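Note that subunit A is present in both complexes that follow, paired respectively with subunit B and with subunit C.
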Partner chain A sequence: MSTVKQEYDVKKHFLELFRENRSVIDSGSAPLMNKQREGAIEEFERLGIPSQKSEKYRYADINGVFNPNLSKSFGVQKVSFNIHDIFECDIPDLDTNLILLVNGRYFNKEEPLRELQGGIITGSLARASKDMPQIVEKYYNSAASTEDDSLVALNTAFAQDGVFIYLPKDAVLEKPLQIVNIMIHETDLMAQHRNLFIAEENSSAKVVVCDHTLSPNKFLTNGVTEIYAASNSNFDLSKIQNEHNGSAQLSHTFLEQESESTVFTNTVSLHGGFVRNNMFVRLNGEGSENHTLGLYLADKTQYIDNYVKIDHASPGCSSRQLFKGVMDDQASGSFNGTIVARKDAQKTNAYQANNNILLTDDARINSRPQLEIYADDVKCSHGSTTGQLDENAMFYMRSRGIPEREARLLLMYAFAYEVVNQIHVKPLRLRIDDLVNKRLRGELSRCNNCAMNCE
Partner chain B sequence: MKKDKDKILGKVTGDEYKFGFYTDIEQDSIGRGLNEDVIRKISEKKNEPEFMLEYRLKAYRHWLNMEMPGWANLNIPPIDYQDLIYYSAPKQKTKPGSLDEVDPELIETFNKLGIPLEEQKHLAGVAVDAVMDSVSVKTTFKETLADLGIIFCSFSEAVREHPDLVKKYLGSVVPYADNFFAALNSAVFSDGSFCYIPKDVHCPMELSTYFRINAANTGQFERTLVVAEKGSYVSYMEGCTAPQRDENQLHAAVVEIVALDDAHVKYATVQNWYPGDKEGKGGIYNFVTKRGICKGDNSKISWAQVETGSSITWKYPGTVLKGNNSKSEFYSVAVTNNHQQADTGTKMIHLGKNTSSIIVSKGISAGYSNNSYRGLVKVARGAGNARNFSQCDSLLLGDKCGAHTFPYIETDNKSAVVEHEATTSKIGEDQIFYCNQRGISTEDAVGLIVNGYAKEVLNKLPMEFAVEAQKLLQVSLEGSVG
Partner chain C sequence: MQMLKIKDLRVTIEDQEILKGFNLEVNAGEVHAIMGPNGSGKSTLAAVLAGRDLTVTGGKVLYNGEDLLEKSPEQRAKEGIFLGFQYPIEIPGVSMVNFLKTAVNELRESRGEKPLSASDFLKLMREKKELVEIDSTLTNRSVNEGFSGGEKKKNEIFQMAMLEPKLAILDETDSGLDIDALRIVANGVNKLKSKERASIVITHYQRLLDYIVPDFVHVLYDGRIVKSGDKDLALLLEEKGYEWIKEEAGA
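Let's look at the complex of A and B:
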């Protein structure tokens, strides 16, 4: 009974919060975004917080992450410190255009939109909604579908700001863009940011997103990212989730791809108490290509949940999913990947793989690789394995004088490398490689700059 | 060539149900609707002991608080449970002592289905417990089996003659509160089969039950219970055909299998109920709960099924692997055509140590049908060294149909090795070309490929069934092909 009561409370809490703070929320954002709030909150009211009875959140206790002590802030954010003093990305040779999000809000709100080479525009989404409304209006909240997911509606109702990236036709961004999500606050905090990335025809860019926590408070983020990749565009998104274990992260990414576009996404989850990544890809144009990869290394009581849905809405598209995980201690996790090939999506080529290693009897993994095929001329397959390290490979190394622990690490490292190897920003790849290595060895694997000595 | 193939596929998928006929036998029914009085009446008509009535009522009261689940990938028209007849039995004044006394029309029905009781009795060496609608009409070979101590009889007879066994095992695998349809079945089940193999007995023949749904508007609520004592072996076959009717009929059976130490139970099903006509009108709803438990160490339960009929099939025959070193296999071919829908698969729940399971599922979709595989593999925390391999392949014939795969893999033990793989494809042009090149016509090639695709499963069926299953595949899909 207690869960029912709690569910009721969370919903009621947000509905009240919305009504009480409506004007503050609006004033901190832009009219374009404010326009969508009313519909979204109604949708949220209708759906409520997803329960574990729904197939989509079967293994994820979403209710549990809504801690009543989480504060929410909608007014002007006072940052009483110079963020650059305590945060500096220390990845050697990683030369990027850096964008900071602090507690889900654009760090320097007053900063005008930045124009990079080839007319590429980056900056705050709220700002962009005011300065270039015709573009933002066209795309904002059109890919994000609530599709019985109230968390997206919750974000639309409350989100005030986030990152905006616009790649005009033929623009090529050579230096990767790096978005750093920092959570730092004196109290426990919930933040909801909203990102919008638009890649017009023939454009190309690489984006790196890093999630960090800089204070030991409990955090909850519920972020939505919408990405549009027009014809022949090339977009590459790497996401590093490295928050402390007291934090919870709900992330929803919606991706729309037009003909001949290629999009790579790679999500590496290293730390974070509760991580739920939703990824929705719609392949709208013929010949588009999608690669969705993920690596999760969990220990202690971490919970990491990846949900991917690739919708082949046009013929001749190809998609590939590869998710690999190592679960240690009492960690638990879940993978749910769905490939949908619609009626006219002939010549679809889709592949999906999920491999897991369980290191202890207390660790647990649930895997649901699914296929929904409505077209006949398709090549769709999937595979899922759960097991331990190959005893033969272990024996091979042991017989060559490699100690058991070393051999085990080597094998796990090789297991993870298949995903890490496909991060296309080289300095980042080397760093992740190093982090994964340290992570598997059980050494502290946060970025060195992190002041936190959290467990 | 493409045209050619389309023509063949069209022919293949356009074949009509061959077993559609209706036998006019006087029926003894209780009126439509369901309430406690109806349950009391059913129990009374069957002369059941008190404990059965209590069990039924308990199930019914629980059922009242349940809702029909909606998570399946199916489009089910609403069912009015008060508009169904819950009891219907072919009327017979006295019990027949020999085959000659059995209603000749009834025998004719079986003959049309190609199951001549007499012939089978003499030639096939199969003991047939023929169930027409809800009451077991004739049990053959009973004496031979009785010599070995094997009990193979109708469920109502078992309730009367072996109440201890029924009381001990009924609901032990599928409790009445298990799900909506199991609860409904527990409340109103009319009859079914009971099979008990004593310790160390190797059942010398294939036990077989033919189910028929005959009376209009009769939900058929079968109850099957198979108990295999330590060290015993039995192969059980269940085959289904139903006559062509226009109104949807509900079939919510429950099958329970108990395998004790070192026992081996094979359970084979051929299901060919009326799938509805080409527009999807009519047809049987097949919502069945089938579950076995490998209760003892080293026990084994094998499932083999060929599903070609029913307008909606919704079932997951599963095994609870409780005993150490227990094994289970699941081999299935599911064919959907026209507007049929299927959401079927298996559940393998590993509880004991060193347990292993194999799942091989082959789906074939044609016409406008949707065919889903949904399977659960669960390895509990204490199930050390559990091993599972699942393979789910789907074959699409035509561009209006759908094939879906929804595996659930829950692993809670580090020593488990669980593998799952699935593919979805159509018959390749290259495969047809290869056959053509060697002088095999496109028509034959399609037949060859479909049969070859399903062979792995058909091979697992008992001999007697394999022939019928192959025939069914042809009827369901191939038309004049192959």
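Let's look at the complex of A and C:
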């Protein structure tokens, strides 16, 4: 038997898919979103799938995550099961407003927008586009830049729905909002969701996003989230990536911050075969403050790639990046953090740190800090370390009777804790703490009571 | 009963022979003091006994009749060896409580005992803290992180009190201590003194030996013991320094 390897032309596939399904895609979405598709698909056609020749995706084989067997679905989603039978967030005391996305689509499509305390609105983005068009129109697809990233364009062309959060002026959300992204299907599947979070002046909220896979199929997610934080707002986003290792995730977050706003994001990557997180932050208003943190624990052949760009576009803003990773087995990954201080961004204060521990000779990480400083009054520091566990600390612990394995765990756990400790939703922090501990021990660290342990 | 027997031990670090045929025998119940000029190999000896991965090029070490050098550091700890570090290590992010609880329970497990409950453990900690008069807030912090020099040394004695070793090797635990702390450290060592236990106290100062009265004093010079005596040898060294010893050894 001869095997002829058919070259899979990803770009061609999506262009055809788009033309063939355009009307189904549109009818499952909203006019405001549909309006952007044509431009986006042209952009995608122009740029194609990012190759490893591009600086930005140098270490990430994006083309490799697209495979011809991934089905895509745009019509009405038939959910033949009761989601609550198979999924229930079991974190004790985590009292949240729960929103489910199943295969990238808002779970209960017919649900009207929910109004929470202080006039806070949450619900399906497609629904919001119809019910609150002025607001959605103002923000949708304006922070997201497709300039140099065709994957964002691909999302804009295809995404039908996702989560919408609107915090009006002065609104304070007491209970965190929890978004659970569930992938579950009978076949391999690709999904693309689109979220839009808007925090008006003086508002404040905490949002938790959890990614889960509930069936052993191969999955690919290409998701985009746009966040606007107006003056004096306070926004806190924790993201837990806990998909099985047969899945790939491309996640793009665009954040715009106005004056005196404070935004924290914390991304904890525990499982997932291929993870690429893009984080773009633009500090648009004087005195805004950004904290972008991440923790990645990878083993086997996992690939985890974080790309961060913090653009200081106005004076007197501060930003802090802290990314830490532990790589075991043949795991590999990359951290690329860029700080831009534009010409008039005087009194910029920017900090970046990336620390990695490699547990084996085969584990790999590429760490690349980049600075583009055009202003002259700038305080900027960056540091990157990649190493093994501290020999002296190991010996000290072992000399007290702590076995080597346990000593390693204590050190790794301590290493990770600096990031975990900065998750501001306490019950979530405790759970992540526990998951990290289990993860480092090599125990199953699935977050939910899913019966499936498909790694 | 013989506890430790070191015979003609040779250790090389980076092509440099540091211990050059070291001999020492320690019986249960004894206190041995080791003195000697800087760089003579005292810490190297302590490290190799505790299980640091050093190149042993000759000789052997028997502990309770068994080959010590082939055992892992944690195994040695379980069999009762404790090293008070000359330079205790800071471990940011690992809490004192977690560290000690893991250590204590590992030792208990190796003796076939059940792990201590959280409250029993805290009780034990409180008791030992009083014994060594260590500031209570120190144990709420990461291991040695930001501890002052003296606090680190006290912390070594505190750990020793928690772990109750059979053979304690204290490497300059008295250096950098104030007068009260010195008394407390000595007290900690004396509390553990019994017919079944022994200690090796490495020090530069005769003063400590007023509190911990040694049965033997040895002078380590250039990788071997060049003189042994009783506690009066320490007084003599205090008075005359090492020059005469070096001359004797050289001759």
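Basically, the second predicted complex is superposed on the first by the 446 of 455 C-alpha atoms of A that agree within 3 Å, B and C clash if a C-alpha of one lies under 4 Å from a C-alpha of the other, contacts with A are read in each partner's own complex, and residues count from 1 in each chain.
Please note the rule applied: a residue touches a chain if its C-beta (ideal position, glycine included) is under 8 Å from a C-beta of that chain, and two chains touch if they have at least 3 such contacts.
Bear in mind the structure is a predicted one, so any value in this text is a computation, not a measurement.
Colleague: Report the partner of subunit A that touches more of its residues: subunit B or subunit C.
Modeller: Tallying touched residues of subunit A, the top partner is B.
Colleague: Just to be sure I read the superposition right, which of the two partners does A:Leu358 touch: subunit B = first, subunit C = second, or both, or neither?
Modeller: After superposing on A, A:Leu358 lies in contact with subunit B but is clear of subunit C.
Colleague: Looking at A:Glu42, would you say it contacts subunit B, subunit C, both, or neither? Reply first, second, both or neither.
Modeller: neither
Colleague: Quick check for you: in the superposed arrangement, does A:Phe415 touch first (subunit B), second (subunit C), both or neither?
Modeller: Second partner only.
Colleague: A:Met397 contacts which: subunit B (first), subunit C (second), both, neither?
Modeller: second
Colleague: Between subunit B (first) and subunit C (second), which, if any, makes contact with A:Glu406: first, second, both or neither?
Modeller: second
Colleague: Which residues of subunit C touch subunit A in the complex?
Modeller: It is residues 50-53, 72-74, 76-78, 82-83, 85, 88-89, 91-94, 98-100, 102-103, 106-107, 110, 142-143, 159, 163 of subunit C that touch subunit A.
Colleague: Considering only the defined contacts, which subunit B positions touch subunit A in the complex?
Modeller: Against subunit A, the touching part of subunit B is residues 71, 73, 381, 394, 396-426.
Colleague: Quick one: which bits of subunit A touch subunit B in the complex? Just the residue numbers, please.
Modeller: 55, 343, 346, 356, 358-388
Colleague: Touching residues of subunit A toward subunit C in the complex: what are they?
Modeller: 390, 392-393, 395-404, 406, 410-411, 413-415, 417-418
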